[in-house]
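When the chains are written out, they are named A, B and C in that same order, and each has its own residue count from 1.
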């Protein structure tokens, strides 16, 4: 059977997947390097190694993410929006709304039953509402991102935070730490601020069920549980694969569609 | 010909402005499309729509404007502070919106510390927010007062005859631009949106007589132009708040998947406004035409009228999708875009809203990503035109 | 919006809290103290207001009446108009229309609820209304757009030409809800005859609109009654202003809020007259004894708020002033600009008169009064024009013997942030230390009160004021 690939070069991590018969056969996730081509090469090499094949076996590869046009082995470039929509549908077939929060951006995508994008929105402000916000805050609290995610369920009294601005929120955190508030209350407050920001963005595309989350922040339990409360929907868990690689999966599915004839829809 | 128009559209001190000044001509800048250009033309003054392009830093603007202000007036103040507008003999401020009207104080106060940056004639032109009855009476009086102020400041006499001549000349330009719009509405589009936008903008920054001639030649040329038999590009309309840099239009067109066939932006054809009645009292006619249609959301409560205008342009130019932009902190256009999106999408016209900073496109990467994804969405659904054709076939 | 927020209407929630709050004073002090334990969710705002004694209780009852009017309007066969704080409600009352003043609701929700108005603010954005718009309207607008409030029959505002973001909120509401809309708009000038004529013409247009929308004729006797009452109220406010000039001022910090909130809700109604009378009585006693209105009894400093107050939860800002020994000299919202006010001597042509003798004079009075409402009067044109923000602020600073100026507003305020920097530089030139708060008066998520407080403390320390 033919092998197809998808490659998603992000600002923080780069992902490549290889698929055969609609199944994942190789995955490569690396920390992004300064040059998109280098990042793509490393991620792809890792995926090829995992799949036990070489680049020449790949019949078609779609690239997405930053600098997608400049990757040498890519046959065609597609936007992250389309890839994330398509990838999410593969991960959770019932999904109609995808919330993808990566390191530097946040997207909410509404798709139809075939994974075609109906409406989308992305954050157009600074770092608020992105993974970067959580990273900065976790650093101020001197805990890991995973630990930050666990704090929400440990308290009933989260602090209300300045969710608008990463810089100002930092000042607030330091203030609360100094005045003796618990790390749980502060951490839960951070997760809640993040969730509310994302919920507002999501509201603008009129989300439909089922809703799922992809991207690195999907791993933050606190954000997910608060988001469920604020949006009043259950957010479907992605179990089939790491939600971080949804974009790369979508890209690979576009490759497959291209080989099966017709446009990459 | 295009070079001259491009020069005027993309440089603050274009060759044409330089020549005009070298020949002893006077220039008065204005900041809002509700200011009647004919009044200046009839005074022998070059009306110049003040721009924000060529801004490189913001330190002067930030010293006077607060942080939550639209970057367009900030850019204008910065440029003024840097002496880029020292060629102006006058400037007209209007209460177009809160950000723009506070340019009045910020510019004047900056002049206290940076001598020479405030033009000798600095005038506040008070445009009301309603266009009938007492609103139009107020506006008419404002035009009368403006004429008197120009006459006094520049020692000129503005007669009805001169005003009529200017109105006729400007109307000729308006008619030509209308022809250009019609050409852009054809099946095969022979002028890029970027070029068309540059052409329309040039009219606000160069001598009108010369501009009209260039425009006439361009329209003639386009009419004769042999075109491809089929144009498969998506037909885009760009609407929204102030925008005088070509880069946004370029960004939409550069992938080759789309052509911008119409705009409704604060600069461009909207600045040209309506045809002015050539008979009767010229001041009445100017007042009626300039205040007449509530094209800008600053004319509150006229959303339905603006939606109807938008729909008629969509119909005329057979627009497939609408790109809506607003400069950050422009609540007026930003919110109205939200309503437009709701009502146009309901009718199957895909829309995308973009909020951005004005100026050299600092956010190009992010905007690119969104526009690309928007095009994918357009290409993965049958376009409106195709649907219409299919239905006709049935 | 969270599903549980959608369970109850916003105005109903505020109304039931206020109704309960206003009744707490009916029992004994012991009962009240016991009760506080059972109402943790609004004891924080109830207690400081109740501590003001009679005026506090009257204020609670007045606000409760105002909200009850809103939630029962349709049952009583009345129309409901969405409107703004700087629009005098008298004309609406004269036509039997109940005003829903968005900013009043946003303010009290921000003062009262831990979550503030965050859910409603954010909901507006979901509908396409810009996030950068002013939170004063957005804070309750979201509820009405979501259908979580009394059904709106019409929208009336008066801010075009004065505050775009405010006008924009109302025009958005009218378009979104598809309701009849009227805007009074204002020229950039105030003191000349041409401007007065415009005020009047525009106001007449509005009366026509209101008559058409309600199907009623304006009840002139009712309007006259209201204006006569406003005459009395304006005199009472002028009396309070005079007492405010005393050093120390016998007026407590919270009185400023009572004065303007009362005016926005019930100008021309006996509830407001009662409130003002009680404030005067209480202040008179202190004035005679030469006592400060501050709880500590010690006035250390006199601060003028050149724009609006800060409405962080549980009245923390007001409490902080009180604790610090800072007398609150009012702000842009506090003064009437009736022709009998002492500061008008320095602001020629910028006040209004009330003349109820004829139909013409009645309409002109109410039109000119509306043109002198907060913001409408002082921030319409360039700030250094005659009678505008600079003249006004300097006149008030001098008259009330202010030591310093504090600006507080919202990031949505294009208008004031457009002139604030040169304006504050001028105030400093005149010798007034000026502090600019970088907060959102209605949304603590922008800057928490803890941080704002620290910055205020820092200002007073560095400038050697306290």
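We take it that contacts are C-beta pairs under 8 Å (C-beta built on N, C-alpha and C of every residue); 3 or more make two chains touch, one makes a residue touch a chain.
Please read these numbers as outputs of a predicted model, since none were measured by experiment.
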| request: Would you kindly say which chain has the C-alpha centre located farthest from the C-alpha centre of chain A? | output: C
| task | For the pairs B-C and A-C, output the one whose chains share more C-beta pairs in contact. | result | B-C
| field | Centroid distance [mean C-alpha coordinates] between chain C and chain B, Å | value | 38
| note | dist(centroid_CA(chain A), centroid_CA(chain C)) in Å evaluates to 45
| query | What are the residues of chain C that contact at least two other chains? | reply | 127-128
| request: Note the residues in chain B that touch 2 or more other chains, in rising order. | output: 355
| Which part of chain B faces chain A closely enough to touch in the complex? | 345, 354-356, 363, 365-366, 369-370, 372-373, 376-377, 379-381
| Of all residues in chain B, those that touch chain C in their complex | 63-70, 95, 97-99, 101-102, 104-106, 109, 124, 126, 128-130, 133-135, 138, 141, 297-298, 300-301, 303-304, 326, 328-332, 334-339, 341-342, 353, 355
| task | Write out the stretch or stretches of chain C touching chain A in their complex. | result | 1-3, 114-116, 118, 122-123, 125-128, 131, 444-448, 450-451, 454
| message | With touch defined as at the start, can you tell me which chain C residues reach chain B in the complex? | response | 127-130, 132-133, 160-161, 163-165, 167-168, 170-172, 174-176, 181-183, 185, 187-189, 194, 197-198, 201-202, 205, 381-384, 411-423, 425
| Of all residues in chain A, which touch chain C in the complex? | 160-165, 168, 171-172, 175-176, 179, 193, 196, 199-200, 203-204, 229-232
